[in-house]
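Labels run A, B, C and D following the written order; every chain starts at residue 1.
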């Protein structure tokens, strides 16, 4: 029972943990990684059918459970803990949030139903913010004869390979729009990720027909980016908790110089440091989820609180995994030991959707440390002024 | 009326006239006066029971009151060790006679200090050597305490002494309540690295006190003390939210609107990193509060708040200097210098970082001693 | 002719044709071929005596030769453990028969590995359990080694075994020289976190070798081993200057002239901080060299070079990733990913940071064990 | 015997250490601090008369010893170790280097003789670089009727109170000039420094008559700033070595939980960390001194190597003093214990003459990470482009 979670959220956590311990133990995770599938189809189906996890954020009238980012955060912690390879973050968190944010049920209702029951998979191609550099997307939208078309390249789209639908944030002549395209109509080239439990592709679009969802979507994209950052924080928090358990277990049983290594102060302090990171990451990830769940929060406030979490987790998360390897010594440096899988996850999550420096810069803007942007900057919804 | 509204009304009425006399940053004497005023409304320790001078509030209400006082930037009270530590222990373990001290503690007319540390103990608190020997109906105390905060101002001391030298070290200790004017006590302030003298050495030479000075059972002083330290628990939550206010106000002072310029990218990043750390301490405090609300006890996050706070405080003091630049060390910014020097004690006083990490690893994580 | 000029001449003549066949980054096989070519000029270990296949150079000349090889970016030799560790030990302790290995070691026709670590030992090297029992004129070896670099490629292993289980742990150890094709030896490569397999487990089941396999005196294997490790000393100096070359070339690749743009202030600062750390390692190496020149022994700075190098390597690998940004972890920069993963071993292999700091505190600073 | 020093330098070090241990023990240092004099007159006189330290860098034909920055570095290490309060750095290192750099014996010969024999004290007011911020000096030179005059304010000049002569780097209509003024003709306001063993004043000049020394002095000032940074590195290295001894001594004798605290791994590691800083600081400080002593080194190379040292020492030096206090616990937090005197010195030296960030930025320029300055920037010899 964790007292910063509701009884229901505690129950959900126990249920998901039991499910994943049974269905996605380390051996199964390794099988999925080696097969290169990105997910175990049976687990995915059961997550949707038995537990309804893919529909957590989808409103009840569209077949989902209509719960909040707080409950979703608990599930993401467990997914991070189990290192479950799946397009869950892309489809059930990021894509669903984009569609809900765009608030256009006419255009997106069917897709949301499909995402909720796990029968469809979607992902989001951002105009910027995943990689945090210039020109990560060159996609632009045009409307030649009544129908929208997208052309350009996106350097990286998470789970594009598994997706049926790619949602694309792209500039139009008037602001940013959100568009849905059939993934099969795009050219997807798989990338090799440091995190072996995640997949991504670069995506090229040439005059791909697109359905527009909702209106001006600059703020929607900013909020979805905040959601994505918070989701990675929750994943990382769960991973860090497992890393802590691993380090402590090892320190208790491994003997050196005639006693358990956990009796040595240096090992105690390494474990205490990992504990500090795991506890703090969990606390800030849940804090970020609460801020996303707050209906009254402004975009600026959501950005501040989620960036707070991402700045902390990006600055310290990988440290927990690195110290865990240090506690393990040589054995932690082997392929067979899971320590590196967690290191890869935590290091990768550190850099995706903005590193600590980028999120601190965003916080500085929201906190007013920066000179206010000139009016013409605000109109340009892409790039770093978009989030002022 | 809601209790916090009542407190706000009280402060609206009493704070302005107090400030007119004592200013924004009152001296110790001013803080004593303020404590007296505050206690007229029973606001010094509203979580204490009504008969002891409090209002019987629960921990959440009490913390809400702390927040209000912080919002108003009300002066700190003066007799903090009596209110935060000694009082609650007396309330739990004291005789009726000893409990006579509780109201004066709140009013600030009886100031207390705590004699725990000794020159030879340091991190090993239970290794204390100051002895008290029963001679008829009197304890005879000989020994020395050190790092005794506020001893030079206090009237009384809550003292840990060894009463059974044969017993294992945690088991032969008793707690005594001793008036500091008792013959044989000598108090020497210790000048700190920033020039202030907040701590003292206290010497005991054949100091005689009646048997009734004993607080709690004989030879159970360690347990009695741990109770006292336990009372600091919800204090950590208050402390964590004070950290948040501090860092928020510091960041605010560097906002473009107030400062009129942007910081260099490096300093901006460093300042926001401190902001993140400070806020994390605050969020851990909130998490702790949820545990306290639900169970009356903080959760395991409690053990890292002090650790993280102490490191944060030291880093923040360095950031303050960095923000001031070389000007800071060359006279322009004495406040930053003082806070840098003061911050050194954060990882030492009340348990060194090293010892706290050991304790955390052993008690929370279950690693072998 | 100056010895380094002679080496340059040799390289000018032999390196280009080698590169035509094997390219800029030769495979292990290519490195073996290169080692053979290099040894034709007695350049593999010019500090070895002439009769053992070297040139009898002093440490300063030998280091100058290393610098020349580094300048030319000559390929690494293949049989590094034989050349750097086993060979010098055999030269000091070996029988005439054992010394027959020295020339083949330099030529690369006899590759060696070292069997020190065991699953149960880790940082406590002297706690090894692999046993060798004399049975007539043969040792019978049973046990397991781990983290044996290059065992899957080597012909021979320098092995530490316990020959007197009753003696204090440092005193019952002997060193044996064992051909890896001896029956009863099984070698299993260990896959590392970056997917490579550089280390092996080596299992010994009733492995029989003649008494003549003993290197140095019976039960003195610990001392014999420490000699071996001692031979890595001037290697640290070479290593330190390699660190400088690495960081200088990295900074150079980000120069405005080459990169065509400036780094962000934060990344620039981080990169230059790495530059400072790398250069400091180099300067400590130079200081160490002065001691070696004057006394044949490095000074106390020696003990921090490996510590500082290992932390530097890890920080640099993180900086590489930071410079690549999210692109780095998403496929665009596999080299940075590999170096980040590889760098994890820097604070573990060859003595963990924690153990090395203990040793430093005890041996150099004289703190109690 | 330290093998990175010549036998003569080793001898010099032993001599200075013996002298300071006898003449300037901690008790004497505290007396000087409390008296507020800035120096012990007897010690100063003996340093010059018996040991000739003030004249180390002064050429032999001007009454000095004509040794190099390497020998001076050894002396500075000892001064840092002993925390000797004196204007030695200002007068015997910085002012002497400025005069030698300006290469105008006609104008400066007498002054150099006086500085060498300790009978006169000089200091330097920089146009920038001590505090590392805009407008630390507003002093400008003019030549109304044949004679030079200086007017303006300098926020801080080290040891201006003790000085007879203040050397001032100030802009003229054509580049930077070096000027000498009588200290008594200026308005000096003492400052309160964190480092209790150092003194400084703000200085105001109103039409003060000045003697010009040498010609265009932009490069001279840059080189003197490098010399000053290196001098503080040497001081800090010596202080760090003493801090190490203190920590190790305490760890050996102080007992807790029934054994010396040095037996605990955490304390061992603190001491090992301090050792690392002290050794590295010593190595880089001597490296910087060698680069200053190299007659063939370009200004850029001298800046790179001295900034390397200052960046290291500024980043890590205070850490040694902080960890020393941690090893000492409460007693290290008292006024009577010398730990804080070293903390003050090391922290103050961290920030004076450029902090780590500033020196890394200078290195980035020298190493070519920055875009080359536009031509007009180079002409402006003040401010951050001066050192390109």
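FYI, a contact is a pair of C-beta atoms (placed from the backbone, for glycine too) under 8 Å apart; a residue touches a chain by one contact, two chains touch by 3 or more.
Owing to the predicted nature of the structure, the values given are computational and were not obtained by experimental measurement.
Between the chain pairs B-D and B-C, more C-beta pairs are in contact across B-D.
Most remote from subunit D, judged by the distance between CA-atom centroids, is A. Computed centre separation for the pair subunit B/subunit C is 54 angstrom, with centres defined by C-alpha atoms.
Taking the mean of the C-alpha atoms as each chain's centre, subunit A and subunit B sit 41 Å apart. In subunit A, 264-267, 269, 357 are the positions where the chain touches two or more neighbouring chains simultaneously.
Shared interface positions of subunit C, i.e. residues touching 2 or more other chains, are given as 264, 266, 269, 354, 357-358. On the subunit B side of its complex with subunit D, the touching residues are 117, 120-124, 127, 146-147, 190-193, 195, 199, 264, 266, 314, 321-322, 325-332, 334, 337, 340-341, 344-345, 347-349, 352-354, 357-358.
For subunit D in complex with subunit B, the touching residues are 130-133, 155-156, 191-195, 200, 254-258, 264, 266-267, 322, 325-326, 329-330, 332-337, 339-340, 343-344, 347-348, 351-353, 355, 357.
Interface residues of subunit D facing subunit C in the complex, by the touch rule stated above, are 1-4, 244, 248, 251-252, 259-260, 262-263, 265, 267-269, 271-273, 275-276, 279-280, 283-284, 286-287, 308, 311-312, 315, 356-357, 360-361, 363-364, 367-372. By the touch criterion stated above, subunit C contacts subunit D in their complex at residues 251-252, 254-257, 262-263, 268-269, 271-273, 275-277, 279-280, 283-284, 286-287, 290-291, 293-295, 299-301, 304, 307-308, 354, 357-358, 360-362, 364-369. Contact residues on subunit A toward subunit D in their complex (touch as defined above): 264-266, 269.
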